[in-house]
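In the two complexes below, chain A is the common chain; its partner is chain B in one and chain C in the other.
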Partner chain A sequence: MENYQVGDLVYVKTKDTQYRGIVMPSLEEDMLVIKMENGYNVGISKERIVSIEKIDRGETPRYKKVGITPKRREDLKNISILSTGGTVASRVDYNTGAVHPAFTAEDLISTFPELLEIGNISARPLMNILSENVLPLHWKRIAEEIKKEVDRGAEGVVITHGTDTMHYTAAALSFMLDTNIPVVLVGAQRSSDRPSSDAPLNLISAVIAASEPIKGVYVVMHGESGDTFTYLHEGVKVRKCHTSRRDAFRSINTIPLAKIYPTSGRIEYLRDVDRLEGEDPKVEINTNLEEKVALIKIYPGIDGEIINYYIDRGYRGILLEGTGLGHAPEAIFPNIRYALDSGLLVAMASQCINGRVNMNVYSNGRKLLELGVIPCEDMHPEVALVKMMYLLGNYPLEEAKRLLTVNLKGEIKKSTRFDCY
Partner chain B sequence: MENYQVGDLVYVKTKDTQYRGIVMPSLEEDMLVIKMENGYNVGISKERIVSIEKIDRGETPRYKKVGITPKRREDLKNISILSTGGTVASRVDYNTGAVHPAFTAEDLISTFPELLEIGNISARPLMNILSENVLPLHWKRIAEEIKKEVDRGAEGVVITHGTDTMHYTAAALSFMLDTNIPVVLVGAQRSSDRPSSDAPLNLISAVIAASEPIKGVYVVMHGESGDTFTYLHEGVKVRKCHTSRRDAFRSINTIPLAKIYPTSGRIEYLRDVDRLEGEDPKVEINTNLEEKVALIKIYPGIDGEIINYYIDRGYRGILLEGTGLGHAPEAIFPNIRYALDSGLLVAMASQCINGRVNMNVYSNGRKLLELGVIPCEDMHPEVALVKMMYLLGNYPLEEAKRLLTVNLKGEIKKSTRFDCY
Partner chain C sequence: MELDYKKLGLKVGLEIHQQLDTDRKLFCHCPTTLREDEPHGEIKRFLRVSQSEMGDIDRAALVEWKKGKCYIYQYYNDTTCLVELDEEPPHLPSQEALEVALQVALLMNMNVVDEIHTMRKIVIDGSNTSGFQRTMFVAKDGYVETEYGKVGISSLCLEEDASRRIEEGEDYIKYRVDRLGIPLLEISTEPDIDSPEMGRETARRIGKILRATGKVKRGLGTIRQDINISIREGARVEIKGVQDLDLIEKVIEREVVRQMNLLDIARILRERRAKVVDKVVDITELLRDTRCKVLQRALKRGGKIKGILLKGFGGLIIREIQEGRRLGSELADRAKVIGGVGGLFHTDELPNYGITEEEVERIKNYIQRELGMEITSEDALVFIGDEEEKVDRALEGVMERAREAIEGVPEETRKALENGNTTYLRPLPGAARMYPETDIPPIKVDRELLERIKDNLPEMPEEKLERFIREYKLNRELAEILVTSPRVQLFEEFCEKFRGKIKPTLIGTTLENILKEVKREGYNIDNLKREHFITLFEGLVENKMSKEAIVEVVKGFAEYPDKSLDEILEMKGLKSLSREEGEKIIEEIVDKNIDIVRSKGIGSMGIIMGKCMAVLRGRIDGKTVSEIVRSKIMERLKE
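Our next item is the complex of A and B:
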């Protein structure tokens, strides 16, 4: 019955029904996966199959299995890929239709041998978790492993990551790392064994970016819903803004740094990027984080006692995700005052997401400033939260307050751009 | 010294400095406000003025004071404007530069007599609060006052409102009102005594919308940063997405209903709108709300005990603003289970803001569904929160759960549009 191979057009009969489509690679021995004409994949348990008729011989499968330690090329940079899990390194369970993390970094290279034309790739798995389960302790581990890679000669590092919290991790690494090489986080919105997956182009783009003479922490994801280009985003100015689109990630309050055309390998810079050439790759890490920082999103009728709850639990910082230019209901001012009197760092970002906090315009904001609330400028809430964790983990309160409004890693832009809303 | 009037070009000397500009209307007797060539207004205490030289006589001021009860025109609809406060009805305190709520609805009509060409306008102030201080009890009061206006013959109602929480109020009114006339919320991002104010065009557009044969609750705000057109948004599909731009409000997961060109009075519908003609205006209100509903935004490292806190405080609903397609860290699953076991309604919206919650794709979402978490479809978090308050205020738990995923007022769209991200 196994008279077919990946890529063949087949006609499959089961006890109940029939399917016509192209044979896809399957990770489960007992499942046949075919892509139907409507574009959907279907997984058929081999037990259920009565007959398989080969209608047409398929092309050679696009990706061949290759070894992962090919000969080193002097003209290419050493790029390390560290996988952490998520859709970019996941597969569909065709029994249930759910997506599970599965591929290791080695699998990725086997699946996308084009990567070996861009860099001297080494790859290893760090962890295998969906990004909704990523914790600050994982940020620390990723930072430590990046350092190991650089110490071993990596000139660029790619981190494959689930998209749900990739922007939090990117912000954390931005503050924790001091490096002169590129560290590029990359994810995917469709798992890499789906024909519509964005994983190949995103991953290839990430390796292109990691080979560039730039430094710092970046995120690479699709730039539009097609497969034309990807964007290189600053790690401290990017956010997942759509649940499902391939171009879910957007730069906030700035434009992306570059467009990457993965099929041609071209990279088009859209604004100045921190560049550093001719130095030995290095990275210093500071993994001190204060995890007792809470994010509270403001809404009409919110109970201010929630602030007291965090004070009582020993929290050291509270980020208010306020309304508009950075406001909160006056009803919770006594709680905010109590938090400040208790020695907490209380800061303000906006739930508008776009734009800059400006607490000088309205009386509400002025009163909050007078209380001692720190305005987070044009940082979106997720970045402000992570920066507070970093500052409170490393500095005394007053210095943390001061540094929160100082640009450290590109997270605060002096002027607001109006072409990026 | 008072040899000048509003509109004149003057040269003002004070003890310290000098100014050249156009005399603007001032609400404080002891302040002279002039608009300088750079576009900024400056307030000068008359005590400080040494001399004022009139350089050029200005044009007649654009807006004349008019009475607010002009003769009723049979060809126009009866439109009630109710003011609640906010920037659209605010003025700058030139002593401090801060903005305070000040204008009443009557002031608005005096300032914008064009309104009287669009409808038979009556106006009265309801309250005078900045929208960051608006509470569910204010939503109820606004609903009750809208009913009073309709009972008195209003055929369209405009609510002027601060922008910070205008979308929460719009959602609340959408659920609380059952009406066959338009109720239009309108705000402004620049106070109405600033030359750059968006208040006039927004307010005129709102009255245009309130005169249309449409029904339901809407929001009208600038459609771009210029003064060309405004957008008519569905009250349940709109959100403040920028801290400061005039076009801060955006329709989420749908396009706006219409473009309004306030200078010509033209309205261009972009999709189908609920229309009803030839019936007597009516409104039924249901102001039952369960205020003990909490919004919790998920982030890496969030302490699940916060859920227990709300359970212990007698909360009846928790909206999780999860990551991606609707996920939460597995570490807090026991707390979520405890909330569900305690009889709370626990629902899931996405902090991506755009897109639809789909908890069938990944194992994390599936487990949450199995626990009993209700997915909020394509409702953005603010609307989902308000809908939970409404449902839990009116229905037993199981019916509230069921209705949360049923479209009641346009808040859930069956298909996701891809032209509105």
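Our next item is the complex of A and C:
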């Protein structure tokens, strides 16, 4: 009976009725899933099947290559698009229901012909990883690949990235890259196979941003639920703040750098920015990272043993995500002292996410300062974590401690705007 | 004209869409209610179709895409959520809706699939925020019996309803998402229907089955019928949006006539070796000084006038194909839908509309020269004036339709008009526009649940009618009204609650006849809720009011839904009187009319009764009044 495979056209008789359609992959052993001629998938319980007749062998879908060779335009910048996972463009095979990612420049351009008006586009896949599976070693690889692109003449780089950890990658690249061109991370909250996907406008905006005379690492995502504008966020001040909305990414403790109107191509700067013109694109990278840094969230009743666990595992840094202005229960003070005595860098960010840590206001904070805990100013916890990894990977402990409270890439702003919250 | 539909090879299939009246929407936990108050906000979006692997683009999708519109969605903060706005993944489907679907499947003798898969059906008109409609194939191959024979039911799908179209502008369409996500059953019949009457009966029968579940929405727009019609040598035409059952018959009749006439026209066109000349001629300059208002307006806005030659079409464009609709109407429909122009001119109806004989001659001569072809009275010219780009698109549409006219009947989707005629909507949708909804795992159909539903299937209206007559001792007329009433569940609930205290006939009359009467008098009966009726019936049981007061109390609640029964009775002067109070009033009336009583004896009963009821109606039971009047008269006569 099992003389058919996925893709075959079959005629299935069950005890009560019959079905005709193409065999689909099924997650369950005892279920045959077919796509009927009306387009619907249905599952047929194998134990109810009387006979299966194969009518036709499955055809491997032919891939039609899009015949576009875009002409280089002297008036446009060279923009490299590197994909790391997820899909900003995809094709749907309605015969099988399969969604195929589109990675090449040709694919992207045939899907989003607007890109031709913005830059000379080249594109290639770097890796295909769900963003929740991204590791620090992937940050390093992305940094290396960006360098390769710039060495080959890229004047702007766009990285497509899954949204879950995009802001960690943005922070890591911010510290690892020293460049005079824009590197723009972009993602989508609605997958690109959907007509309502936010990917097209986000990608177009990212390419617009990558063509701007700005430098550093940025994130571009929808600015509101509608498709009217996107925001250009600083890579060290941005965070995913909603599980599902298009405007999930927010600038934290500052406002976005610019508003981009992708349909008109207009970009409106909301803050002063250093504009660079006429320099040759260059990038230096420093990919040293200390991965043994832990992020521990404080909560009522937390067991300080967890700190000891990390210490005993040879960790070199612990970031506490404290309550309020940067507090932790006295019950874990001995564990914190043990960490500091063991030569760890212990720092404090706030689980409020918004606002600056200030440990001078209450005695709890003052005691933590006395113990040697470093306050992370207005950095949100994820940025502080990545910065600790970078610092501990490159500097001795005391220097790392000092640099943690010094602004390196825009991650610390000594004044907080009133209108950012 | 009596037509022999069998001989014509009429084949009709129905597709019925019925909204379900469930607690929540199919893929989120919002209520299934529509709102008319000001929405709380709007969101503007664009849609883009993914390329298909095969490079094929669906015709219907392409038409929508070409329009290049943006979509504005209106939402409410408290009765719609992120799911409708495509800002949150769908929740697992409503179990209640699934069970209703299974119930209907079993009532229509269908085979339920073992595992239900949610699919995304691409719909690019913006009515779904996601750009697709989520839909599930639930069951297949069933049938319903009609008095004209069995009709096969090919499929039952459970899907989400789309947003409501609120307004449309040049470059946008505004939708309200309150309707988006209301569960919808889609029932498709086999093309087994072979006469207009059978079409109507089948829809009626399916409607009855749906209502038997007690879980379907009622009222305008809650059930929508699409009709697929073809005759031999004709073509499948899908007619959308027939909301009225009685229209089904007429739509089928008129579509048959339409297809017959189109076939006849095609035959003549082929005899004449008719041909659509594939060249558009700019005739703007010839009409620079025309008196035709429509063209003047187009020219004033910098537009163009262009024409085409339809060889062999002369005299046929004004041929009527449906009452009041000509072949010209069909050409104009395409021009309107595809080009977005207001209409077209053709030589069959000229000179007219301010276009002179001379102008027509001038155009004819010019086009004759331009095309190098002779134009005779057997030919026709079509021309349109508007923005150039619109004119070009519109004429392309007209040429396509004219070419189809030579072939016969085009396959297309048409929209039903109120008189049973139809107009062009779009090409038939292609089939392959579905792919799996990966956000919702497949749902195994629990065989035990299916058995349980099978054992508890709702009564069909005929069975219910007999039971009502038997069990509640209703007369047939009232029973018939009740079984098809949206209040049938209330009726049964009240009969149970007030068993032995209030006769079912009185409950039924209150819920139907009295309610209708009150509505007719202009009261808003939508204010009346279940609790009002319970209060009213309790008032009857506790003798707070009399049967005669029901009408006034119902009116009172309709007017003041927040007042208590006592307040209503007080306001209406209907507070029940005790027997003693009644006796006192009646005694006074008898004494005032003692002369009549004395002269007529017990024969004065009618007159006195009338006078008493005028004062006491609604405040004390009529039967009691009659008793007291009789005893008082007897008393006085004895004196």
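Quick note on the criterion: the second predicted complex is superposed on the first by the 330 of 421 C-alpha atoms of A that agree within 3 Å, B and C clash if a C-alpha of one lies under 4 Å from a C-alpha of the other, contacts with A are read in each partner's own complex, and residues count from 1 in each chain.
One rule holds in what follows: a contact is a pair of C-beta atoms (placed from the backbone, for glycine too) under 8 Å apart; a residue touches a chain by one contact, two chains touch by 3 or more.
Because the structure is predicted, anything quoted here is derived from the model rather than measured.
Once the two structures are superposed, chain B and chain C can be ranked by residues of chain A touched, with B on top.
When the shared chain is aligned, chain B comes close enough to touch A:361, but chain C does not. In the superposed model, A:225 lies in contact with both chain B and chain C. Applying the stated contact rule after C-alpha superposition, one finds that A:274 touches neither chain B nor chain C.
In the superposed model, A:350 lies in contact with chain B only, and not with chain C. Of the two partner chains, neither chain B nor chain C is touched by A:114. Contacts of A:196 after superposition on the shared chain: chain C is touched, whereas chain B is not.
Once the two complexes are laid over each other on the shared chain, residue contacts for A:42 go to chain C alone; chain B is not touched.
In the superposition on chain A, contact of A:244 is made with both chain B and chain C. When the two complexes are overlaid on their common chain A, residue A:329 makes contact with chain B while staying clear of chain C.
Shared interface residues of chain A (contacting chain B in one complex, chain C in the other): 97-100, 225, 243-245. Chain A contributes residues 14, 16-17, 19, 27-28, 31, 33, 36-45, 48, 61-64, 90-95, 97-100, 110-111, 190, 192-197, 200-201, 224-228, 243-246, 263 to its touches with chain C in the complex. Against chain A, the residues of chain B that register as touching in their complex are 97-100, 130-136, 139, 162-165, 168-169, 225, 240-245, 247-248, 291, 294-303, 305-306, 309, 313, 321-331, 350, 352-358, 360-364, 366, 382, 385, 389, 416, 418, 421.
On chain C, the positions that touch chain A within their shared complex are 43-55, 70, 82, 85-89, 111, 113-117, 119-122, 124, 129-132, 135-137, 140-141, 155, 157, 431-436, 442, 444.
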